[in-house]
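Both complexes shown next keep subunit A, but they swap its partner, so subunit B is in the first and subunit C is in the second.
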Partner chain A sequence: MTKKAFNPDVDAPKWKGGYHPYDIVKEGSIAIAVILVLTLVLAILFGSPDEKAITIKTWSNAAPLDFANTTLEELNGTSTTAAYGAPYNTASTGQQLGPLQLAKWVGVRIPVNAAKDFVISPLKSLPDQPALDHQLAVWSAASTSTKNSWLTSYGKAKVKFVNGQVVANTTTAGPVPVMINQLTQMARSGALDQALVTGHGFYTTDYTKPLLFLADSEYLAGLADHQHLTGDQWGMMNETGNYPGQSWLWLYTFWYQIPPFKTSANADVLVWGLMMVLSAVLLLVPFIPGLRSVPRKLKLYRLIWREHYQETE
Partner chain B sequence: MAFILSFAALIPLDSLGHYIHWGWVEISVANFIIIVLMIATFIAAITAPFPGRRRRKENR
Partner chain C sequence: MSSSEIDRQWTTRLRRRVEGKLPPEKLLPDTQPNYVSSWIYVFGVATMSALFVVIATGCILALRGPQWWHGSAYGHFINSLHLWSVEIFFFSMVVHLWGKFAMAAWRGGRTLTWMTGVITFLASVATAFTGYVSQSNFDSQWISTQAKDGINATGAGAYFNVLNLGQMLMWHIVLLPLAAVVLTALHIVLVRIKGVVPPFEENPVVENAEVTQ
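Take a look at the complex of A and B:
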């Protein structure tokens, strides 16, 4: 039986030197104590990010016309949510990796009908609104082409916010002006926030719908841009204010800054795929000839254990 | 209220962030400081002598 050849990347030579006692528990305890003191001192000095939550009430009061415009987009199916595809709807193919239609394969797991869930159903939940109920009945009875004609007319009209009301300069938009104005009033009172989270079981902790609605707005995008949190601002690694963020995500967010990811509609899945490949390479370093030799050839260990090498050589 | 305020951060960092722009690279000053500190800690960990080294030499 032949003896297996010594491989410096895989095999460790037999240690022939001396041994010193080393208390790793003591070192670990000291490290934890230092981390604890540092955490307390930094928490007292700097605190943590405490941005006030943004609700639909906040948004509709700060930018009622943006809210009205986003509501129109939910109704005509051009908002990000309405046109997203899986997991919310079947409006588009969604993210795909070459021929692999990954989002479509996952399917509609969180069904969201933007027009119905964000606009029509909340409006129907308003009590004692006979005029609005009539307009909603007109909307429901109309054909798709009529609805589209009304929505197009509203989109072309000059819309203003006057005396707390959203007013559209059009007479050919059917019930749309009343619906959008009423939803804006509902949002400004805070009732829409509640209407979008209720009906999901005993605990009302499912904020999917209000968050999606909010994410469709220009208002939230503007706030994110102001705080340097958008994708093209390396936002994935940033935090609000002057707080340090997730700097370890530098590589993930880096890909979004360069072509082809920067301009691709499938950037999310492309970057994810690339990071999975790179993560696999990192995980498999011990098995990749050449790459696994880098630490040995770099000889950084000789710098760390220089005292030992000074004594033995 | 005073009780709550007494637990507020001594140096709050909630004001609008400062950013370093270098071509298409953009990084917050806070992240940059953290990265510099991490690199400095790494270099210190490699180059600083092991604790107890002098004592071990004296005992030899």
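Take a look at the complex of A and C:
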């Protein structure tokens, strides 16, 4: 105890009033029982969502042309993953917070070469495919400009899915039509799902590569849009079905709905930066003059302690 | 062994310090000041109770492994209990937090109590998030592939890879729950040591009154 100038936003008066009985163990036990019952009721009434995961097989069978187009983008470097930058590759600088290039400074820590990891290596893993092996050898031996020329030709060609085959109306795309068709066949059989996760051997719990490949597609985004999960639909705070999801992320998701974040190429890092500042402010409220006075000036406390004030007035 | 030698022991000094700061009557009080009389106080204990149910249901899910609940009606029901206890946990915690803000509950030397509460909230958000990306269903695919961009943009994605199921599951069931439980325990101990913050004194006489720090 000390005598000092009383700051009502920092100090609290010593309580000199009365006390009432309080059974903390009983209160805790009743609270656990009530919460348990409430949880049981909500779980019985509403259950929980469990929309089955999408596989590469599902995607390539449901939307083979989207799969073929995504494969082309992995090869020509225009897919989201191929052009991502750190931590996957050096294809771009990535997002910036003012002059701070945070991701670039940390560097490539989870290396992903989209063309090699998503297309070339899985195709090479297919056994007993002499024709494909020949086309892959042609691809490997070609210069970068030749590869780009083939990919440009394929991009301009009319691509169809006919009798289970991806067919491109071009004769100047080199081995690209065979590679894309063969990868589509591999994906439709389910073999590509396995090929993308077995990079570290038999056991794996790392789904970085298949998830990145899936996320490059329009198919996954279309499904998410149907489930009201895209960024302009308050994004990842939602979940499939009519469930509350991570509603506590509302403020984080809110910023993505308004300018300048909504249209900024650096939206993610700006929102994260802002949320870190706001979190720090919340943490440090007791030290911030003005902000720490808000509760006293709001007078909501009179509602909370109305019995106390009724007795003392 | 002399008594002065015993007095100097780390164990003796720690025990005396704990006894001084948190005697049994403070840890398990049987009375409360009269001003502790509002529904808002329910949400603190509701948060703790929900955390208890969250951990209990999470432990049941852990018994059979991460894939079990997808193929078992019983497992799915336990998952539903886990989900709804999390929803109740956050609802209670947020009401508790804003209630404590309205009371300026950091007053009277309770700054650390406020700060441990805020950090617990942030740790809980991270715990729930890693749960959502560890579900191994469509939700986890979509949430993880969207969330990666934000985390990667800060540079943290290089070490905290939301697309790595094994890493996220370990964070969800070991590291972050441990942090949340330890922080909650620390928060409760601080509440018990300092007691519940008294009401604002609106009588000007108190300007020179004895205050607690």
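Quick note on the criterion: the second predicted complex is superposed on the first by the 308 of 313 C-alpha atoms of A that agree within 3 Å, B and C clash if a C-alpha of one lies under 4 Å from a C-alpha of the other, contacts with A are read in each partner's own complex, and residues count from 1 in each chain.
Operating definition for what follows: contacts are C-beta pairs under 8 Å (C-beta built on N, C-alpha and C of every residue); 3 or more make two chains touch, one makes a residue touch a chain.
Everything numeric in this text was worked out from a predicted model, so none of it was measured.
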{"item": "Which of subunit B and subunit C A:P289 touches, first, second, both or neither", "value": "neither"}
{"item": "Subunit B versus subunit C as contact partner of A:L300, first or second or both or neither", "value": "both"}
{"item": "Partner chain in contact with A:H226 - subunit B first, subunit C second, else both or neither", "value": "first"}
{"item": "Touching partner for A:K52 - first (subunit B), second (subunit C), both, neither", "value": "second"}
{"item": "Touching partner for A:P127 - first (subunit B), second (subunit C), both, neither", "value": "neither"}
{"item": "Most subunit A residues touched (candidates subunit B, subunit C)", "value": "C"}
{"item": "Which of subunit B and subunit C A:Q257 touches, first, second, both or neither", "value": "first"}
{"item": "Subunit B versus subunit C as contact partner of A:Q95, first or second or both or neither", "value": "second"}
{"item": "Which of subunit B and subunit C A:Y207 touches, first, second, both or neither", "value": "second"}
{"item": "Residues of subunit A at both interfaces, subunit B in one complex, subunit C in the other", "value": "20, 43-44, 46-51, 227, 239-240, 243-244, 247, 300, 304, 307"}
{"item": "Complex contact set, residues of subunit A against subunit B", "value": "20, 43-51, 226-228, 233-234, 237-245, 247, 257-258, 300, 303-304, 307"}
{"item": "Sites on subunit A touched by subunit C in the complex", "value": "1-4, 6, 8-15, 17-25, 27-28, 31-32, 34-36, 38-40, 42-44, 46-54, 84, 86-87, 94-95, 97, 102-103, 105-107, 109-110, 204-208, 211-212, 214-215, 220, 223-224, 227, 229, 231, 235-236, 239-240, 243-244, 246-249, 266, 268-269, 271-273, 279, 282-287, 292, 294-296, 298, 300-301, 304-309, 311-312"}
{"item": "Complex contact set, residues of subunit C against subunit A", "value": "28-38, 40, 42, 45-46, 48-50, 52-53, 69-70, 76-77, 79-85, 87-88, 90, 94, 99, 101-104, 106-111, 114-115, 118-119, 122, 125, 128-129, 132, 135-147, 149-155, 157-159, 161, 163-167, 169, 197-203, 206-213"}
{"item": "Subunit A-touching residues of subunit B, taken from the complex the two chains share", "value": "8-19, 24-31, 33-35, 46-47, 49-50, 53, 56"}
